[in-house]
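Presented below are the structures under discussion, each in the form of structure tokens.
Below, subunit A partners subunit B and then partners subunit C, in two separate complexes.
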Partner chain A sequence: MSDLFKKELLFKILVVGDFGVGKTSIIKRYAEGTFSPKYKMTIGADFALKQLDWDSETRINIQLWDIAGHERFGYLTSVYYRYAVAAAIVFDLTRPDTFFAVAKWLADLRDKVSLPVGRPLPVIILANKGDVAANKVPPQIEEFCKKNHITSWYVTSAKENRNIDEAMNRVVVEVLENQRNNNLYNSDSVMLAEEMHTDKHNNGQLCCSR
Partner chain B sequence: MVCRAEVSDLELHPEEGQVPKLTEELFRGLFNEVGQLEDDLTLRKYVFFAGMERNLRKEVWPFLLHCYPYNSTYDEREQIANIRRQEFEEITRRRLDLSGNQLNQFKRKIQSVVEKDVVRTDRGNPFFAGDDNPNLTVMKNILLNYAVYNPGLGYTQGMSDLLAPVLCELRDEVAAFWCFVGLMQRAVFVATPTDRDMDRSLKYLRELVRIMVPKFHEHLQNHRDAAELLFCHRWILLCFKREFTEAVALRMWEACWANFLTDYFHLFLCLSIICVYADDVIAQDLKADEMLLHFSSLAMYMDGEVITRKARGLLHQFRQLREIPCTLAGLCMRCGPGIWDSSHSPRIYCTGHEQYGYCPNSFN
Partner chain C sequence: DGVTDKVPEDELAQVEIFQEVENGLKPEEEDTTKSNGHIHYYTPFDVERKDLQKVDSTSSTKAQCSSIDTLYSSKDAEILNMSREVPSLEKVGSQGNDVEEPISEEFEPIIGEMKDFVHNVIVTNASVDLPCPTGETSFNRSNLDALAEENNSLDTLDCIESHGLASPAMSACVSPASSNGGIYTPELLETFGLNLHRIEKDVQRCDRNYWYFTGENLEKLRNVMCTYVWEHLDVGYMQGMCDLVAPLLVVFNDESLTYACFCHLMERMVENFPNGNAMDCHFANMRSLIQILDSEMYELMHSHGDYTHFYFCYRWFLLDFKRELVYPDVYATWEVIWAARHVSSTHFVLFLALALLETYRDIILSNSMDFTDIIKFFNEMAERHNASAVLGLARDLVLQLQLLIENK
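The block that comes next holds the complex of A and B.
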């Protein structure tokens, strides 16, 4: 099937977590395939794009939103979170405090983002800096995930490009499942995705989704 | 399509190009025999229009950032400097005396963030480059002391970015600390990192866009969430530091600190960028997220000189308005001490608060 007839989806995925855990590094690694130890701290809103040819019929445009790790603006954070379909919460294996903050970030997400039909936002946890401290995975993580309906977590390394693609694929699967389960294909969330991205590709949209 | 940054003569402030840069000679000439700056308006005018020779910054910035009153004498400034030095030492002592629970809290909430940020702030600048650079320790101490000095604000990400150039230009820990205090106290400048200040800045900017760039305002109205102005949050939070090269950004900072004709020059700089690139955004019909991407791809590629000149022109245009909406009335009020060259007192009309029976923006 030629590209012209592919269904295009747009997923806004948030990357949150405490300051300095490597959110920007993960995003750059995933979207641009690069790593630098010298990223500046994120201030304000920023996102990177990644295009995935998911299957022969579907192209997924992922917007990875880099959310500043230092709590700053109550209201603005909810603007940054708006219309997200999933989130990755990152913590730093070398700093135990950042794992304890995962619960706080999860609560913030659950509080501010709700999907149509009230489903909870799909969330995964990334235990980053696995290149230096892979053996320091907090033992409570399994239980934490179970308790909070989080289906997966990964030890990642943006530096060594470990598990980032796998983790992001998992997020995409969860978003797709979530939408399928809820029979959401005709509802707001996907309409939003299409509306946000495809009005320049009206032909494709008419052919595929109607 | 790429918009070329241009500004026509008609759009310029009438005094554009006629005010000299502040030189050593001009600066010395402004003091009277006891060292008072009797005519600070002239000083601020030079800085606003043309900036200053770089080596003057360490002397001029402390005035602009209210460390020294303009009318202080040489002797008084020496006294102030001495007192400030003692105060700084006292703050350092208080910080080092923290213990028990307080120390734990401080380490967890402030120190850990500061330490993470200091090592990723302006490391490209030779002054902060290299491993174990002692200037990083100085930057860290200033930020930690600031959190002790002003526990209400503590430390927020972005502060290190604002401090670094000040420290680099002043090359003095104590002086940089007090300038930083002045910088953070500027009521409406970028630095007070609370919802309220940012919110107010964005509200004013939206209104300025509505009145002065109506076609762009219409574009914002046509796209969901576009009016949140996501693309300019960082401009305001870091005062354009990530959008322009440091030399250009610092010229903008000084122009803002000059408080000349307005206390809100940073908003006119935002407005100027918007004006220059509006046609491009409208022609491509960019949505909220696409605008964010568009403007962030312009970072470091915009002509800051043109933007600044145009911003002065826009400020002039604004001050020519015979009437302004009540939503912008606050923009014409002074936030700090000092005077502008002439007051701008337009008629203020109310934008539809009739149902309340009074205007919430009224200052009378």
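The block that comes next holds the complex of A and C.
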């Protein structure tokens, strides 16, 4: 019965990153709790839904959009990105070049997605395939995050179900914070100019490695 | 370069297969009462035995590929010569006009759109599939002649005309010189290396649920893909290409034939990939067609977050519906698409897409689907469609459009 009174939220979260880093695997793991080594490569976009009973008053429906790794070169991304509230950029620990592509994906996202009030889109970074190469985390990642106002990154493994739930929860927290701040902004714009500034810095640096 | 030498016997075996196919066709060719629209054989290329024999079977596979390719290219890029199969069909309206016009943002009046389609649709016997008494043919013909006259006055063209007609068969990029030896710049080698890396990743996960794609056969797929990219470095590898090679390889089980066929297929398909303009045309055409043929659906799409951009059809067009169907249905569907160029429309893929959409019309309308819903729906329905029903509906839709045009 109490379900009827729950507040329902819908979050569209993008999962991007170079081809073959494991975006589909992460999404299937998170939404369906399964892993297969046999997913097809994604063409265009696919997505999965996940329902989270966040707290006693809130239910969150997460729409995870799985954007094909080659799509950055295409022109479709802006349509797929529309109405997104957050993004996870995935790279493959076994392929160092996929980490360098993270910057390009971030630029693409920041370029094409803007939230109301001009806030930057909350982004987290997932260093996937941690089951094979957990020790190969690129040393530049901390600095990269700091420079780009990315508050967290995780070593994940879709195969071994490592850190996927934790990472997605972190995204949801950031989206909720963002929305709370937006509400504040709407009620009192003068106050927020200050708050937004401090908020961004206080809440950063929550980096965790696996 | 990983391309293995071929045993000459393989080539001979292939030649024989073609001979059989050719012979097998002859009785049907003479039998005009038999169904005309269906193609019952898998070989999409009207290969002449002589041409194949010209290929020196002792040279390397790659050299064979390029010579086969040259032979094909010289044959006016005709993938499939179906004309002898369909003696009772009349072609209406001119087809190969090269003039291109930029796509207008505003909708042209619907009637204008339809005229463009008439321009392109080759009107066939009322039902291509059904055995039709020859008497009916002449009746149809006279009808169509009238239509043809009407069309002669039209020279409106839009993007409908501008794609599908092959880009030059052989690329002009520097890499093909490789076949003759030479020195390559580090940049060229680096580009090729990047392409190889992408190919490797996609080859490994190409149809890995399908029995054929293991060990040795994946090697063939890789060779075909790498050869294509080396010969077309200006195009490069793009995701989806492996999906297009796969069904050809399963049918031929031979690298050089698959390569030659793939090159021809890509003449049309390359325009669908990110650097071409065919995808935008498909979307624009879908928009016009759905407005004409199912305004209720168009209204729904427009009012539920406006997904009349038709991006949810992207994969359908990119891969000629290959991901939407199971393998046996892919063969049937590809054959129909290839044959349709000659018997019904060079844009038959549009009618297939419409048919796929119309098949689920009631579900889409009753659930008031939005962009997200429809993407999810069609992703879940992949490989579950009733292909023959969809193909049938696609033909009906061609006829429906023709009737609409005739009645105007």
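The rule is simple: the second predicted complex is superposed on the first by the 177 of 210 C-alpha atoms of A that agree within 3 Å, B and C clash if a C-alpha of one lies under 4 Å from a C-alpha of the other, contacts with A are read in each partner's own complex, and residues count from 1 in each chain.
Just so we're on the same page, contacts are C-beta pairs under 8 Å (C-beta built on N, C-alpha and C of every residue); 3 or more make two chains touch, one makes a residue touch a chain.
All values reported here derive from a predicted model rather than from experimental measurement.
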Could you classify subunit B and subunit C on subunit A, in the superposed arrangement, as clash or fit?
clash
Applying the document's definition of touch, where does A:Val79 land relative to subunit B and subunit C: first, second, both, or neither?
both
Return first, second, both or neither, reflecting whether A:Ala45 touches subunit B, subunit C, both chains, or no partner chain.
both
Identify the partner contact of A:Phe19: answer first if only subunit B is touched, second if only subunit C is, both if each is, neither if none is.
both
Go through the superposed model and pick first if A:His70 touches only subunit B, second if only subunit C, both, or neither.
both
Shared contact residues on subunit A for subunit B and subunit C?
19-20, 38-41, 43-47, 49, 63, 68-70, 73-76, 79-80
Note: in the complex, subunit A contacts subunit C through residues 19-20, 38-41, 43-47, 49, 63, 68-70, 73-76, 79-80
So in the complex, which bits of subunit B are touching subunit A?
108, 112-113, 116-117, 120-121, 123, 156-158, 160-161, 193, 195, 198-199, 225, 228, 230, 233-234, 237-238, 242, 287, 289, 292-293, 296
Can you list the residues on subunit C that touch subunit A in the complex?
198, 201-202, 205-209, 238-240, 243, 274, 309, 311, 314-315, 318-319, 323, 372, 375-376, 379
Which stretch or stretches of subunit A touch subunit B in the complex?
12, 19-20, 38-41, 43-47, 49, 63, 68-70, 72-76, 79-80, 82, 97, 196
